[in-house]
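Consider the two complexes below, in which chain A is the common component and chain B and chain C are the respective partners.
Up next, the complex of A and B:
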């Protein structure tokens, strides 16, 4: 066997050991409020259609919030990064926003927008906006000075420079911001559903707790984790495909 | 040009004036009902009343202490896991599996289930916070330990260090700057996790207080508490930076010299 595969297989023992310990702990507790992995698997089998439907609602909301944030914040970030004076002056404002955790604005949004779909989408958009704005801004104001000179010698207008030079050269860092933003919009979508309950996987978790179905709740968590892993892997793939030139250049310069 | 330079020097006051000004403008123009959007003065008065009342101070202390204890635990555990991963590639792979699975789960999702398993006490907060904040210090620790240069390692060997000595005196100090970047990120997450857990567990702390006030439509007080949450972030960040200067001062001085 190759060394790589042997490590990968032996590594599986670690999560396996955790599962076994968990099962032993659950058997010792002997209460339905502390279900073991066996019970959770049964709960997954019993509940997966409901969980998948609720998860779909959640993911749709997360995607909408993220899309709104991306459409508004990436252009704003480039704008603030290029118009240096405005960007530098407004920097503390961005820092202030970054210190305010998204869940803290949930009660506030609730006052304005109630507990409907839009309230949750606004919260998700806010959560995704901060990393997107910060990274886009950071990327476009630390652009290599040579690129600006190229733009000037080609007589590009300001708008053309933003579109043809700033946007592609900030893409790698924007992609990092997007990855953070996707993660945080997933996290916040579940959180906001738990607090502003109507539907979605967060509400499903909350309801499982109210019915003392801890095993069903853990089954829901397992699906959230699975969705997260799949989305992360997908984003990573897309990044590799769209930004192949960046990774290629990086390898060459090493 | 001089105007630009002044504007840059005064950017913090400019930003504060900008926020407060547009806030007051929305209030004066009545774009949003005053019930939902109180004036700055109303917020300041409500905040002051809460401060003198004393309830907010104890809630603040509870929340901040929880975040701090969780962060310290997560940082220590993260470093320990990183060291284990550095020693054994099998363990590294195994811990990576676990972190891949656990990382996408929001702290909020753990709370309702953990309430039954662990109760509403400090165990609940320690569990939830550590479970979600341990990953940035761990991941940064792994990559920091892995990227120690061959020259440094060989120098250490030349001084006759054993493998343990090499880890303790060469690799760990060299990885610390990266670990601290992870801890800084973890600080933000731990504050979020505390607030969310308090909102859901519903017993005490700033998170619970915000929710209670929001349901009672005490908007001015909600804004005041949100300000306090932001302040918590600044404070925790300051503490982490202080510690970073102490532990990795050599690195910061080196970077400054290079500039």
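Up next, the complex of A and C:
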């Protein structure tokens, strides 16, 4: 236990040391293109209302794209896993889409959907759809055959089997897919804002850089990381709550 | 005789042409209402395939299975299956009570009545106080009792038991045998037990059906003439028990010797 605490403290020392070294390095030169942590803190103080507003816009778009992907892809994945024939036919297509970097479709979507909010949401939804669909499909078609026998012997219809057996038993893998999808949505939402600049935190970062306000840009990055940490913590709590039956081994050993 | 469950000229095979493998061939059986029948046979003779055909989880290649006079094409209402692999057959995200209630989904009963009935059955299998535990929080024997309770709760008349006690330890096993006999009587269940344990087959049954090597069929019927309730000590020492055990054992060992020669 004591050893654990020491390791944890050391882990916190690393970022602290980086900040100290960064400040020393910044003090040793005069260029405004290399602001120290002190300047970044000042920039946070000066810019936080703007940053929060822009970040809010970005997160809202990311959430909408993610939600659209989740609502459509999770049921589709379960369906394709259960109706194996269609699933098998579509497998090569899914594999091809899975290896395509989501930002690659940005120019194409711009062509058809323009540069507005919905264009970005479509791109985000696509980015989130791939990991969600792949993981749900994988989970659903590898469900233990015993559970299918149980479902049939309890007279469940196909639809009921999907809803009452396949969906809950796929949840652990869907959660993994959701984590990937969240990361992917955030990545693509920031990237798309840099390319189709109108508003959002990506645009804010781009503008800061164009105006040589590196300190303001770093302030924005700090907020993005903070949002990432909070979202991850939220997802972790939801997993603990909904998947307690899956993580039971860890819990028993505690 | 027309039983609650009958199989006539049932055959099951996989593959075609030279790759065709027959598992069951020309099997006949009839189970009367209220009976406890054990199915035993040499290892790998196709016992489980047979049970799957009887339950409607598999469709026979030829012949037909009838439950209460109706041809079985999917698991019929009134027939429950208890699987050997209890840990996978229960839903880990549901509590023991909810697992039992899950077996009652199809029943047209008020929710409160369902709950009362589930509680009654849970008490009968000796799990009162564990209703709100999850299956993975209780022992293997207890998990199998939840699965049995779920089977009975689904307004079952016929329990098909696929080596239900093969995975529980020896002492629990003896207790579970007595519990199953007690439940069969109390809830008016006709039972078909598939087992590879000859002693268990004889101890539990009114009638033992001995299955032949693959492709299997019923090769011998042995009526077990022993009083009920059975007793783990007295029954197992009774001459009728020893006689029936001897007969089944000799048959199966004979088949295995024959198989080894071929």
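Here, the second predicted complex is superposed on the first by the 241 of 254 C-alpha atoms of A that agree within 3 Å, B and C clash if a C-alpha of one lies under 4 Å from a C-alpha of the other, contacts with A are read in each partner's own complex, and residues count from 1 in each chain.
Convention: contacts are C-beta pairs under 8 Å (C-beta built on N, C-alpha and C of every residue); 3 or more make two chains touch, one makes a residue touch a chain.
These numbers come from a predicted model, not from an experiment.
In the overlay built on the shared chain, the residue A:150 is in contact with chain C alone; chain B does not reach it. In the superposed pair of complexes, A:96 makes contact with chain B only, with no contact to chain C. Contact with neither chain B nor chain C is seen for A:76 once the two complexes are overlaid on the shared chain. Of the two partner chains, neither chain B nor chain C is touched by A:44.
When the two structures are aligned on the shared chain, A:63 is found in touch with neither chain B nor chain C. Using the contact criterion defined above for the overlaid structures, shared-chain residue A:217 touches chain B, although it does not reach chain C. When chain A is checked against chain B and against chain C, the one touching more of its residues turns out to be B.
Residues of chain A that lie in the contact sets of both chain B and chain C are absent, per the superposition on chain A.
On the side of chain B, the complex with chain A involves touching residues 4, 7-8, 11-12, 14-15, 18-19, 32, 36, 89-98, 100-110, 112-113, 115-117, 188, 191-192, 195-196, 199-200, 207, 210-211, 213-215, 217, 219, 222-223, 226, 229-230, 233-234, 237. Every residue of chain C that touches chain A in the complex is listed here, in rising order: 55, 57, 74-75, 77, 80-81, 83, 85, 88-89, 91-93, 102-103, 105-106, 134, 136-137, 150, 154. Only residues 144, 146-147, 149-150, 152-156, 164-165, 168-169, 245-246, 248 of chain A touch chain C when the two sit together in their complex.
Chain contact summary for the complex, chain A toward chain B: residues 7-8, 10-15, 18, 33-34, 85, 88-93, 96, 98-108, 110-112, 183, 186-188, 190-191, 194-195, 202, 205-206, 208-209, 212, 214, 217-218, 220-221, 224-225, 227-229, 231-232.
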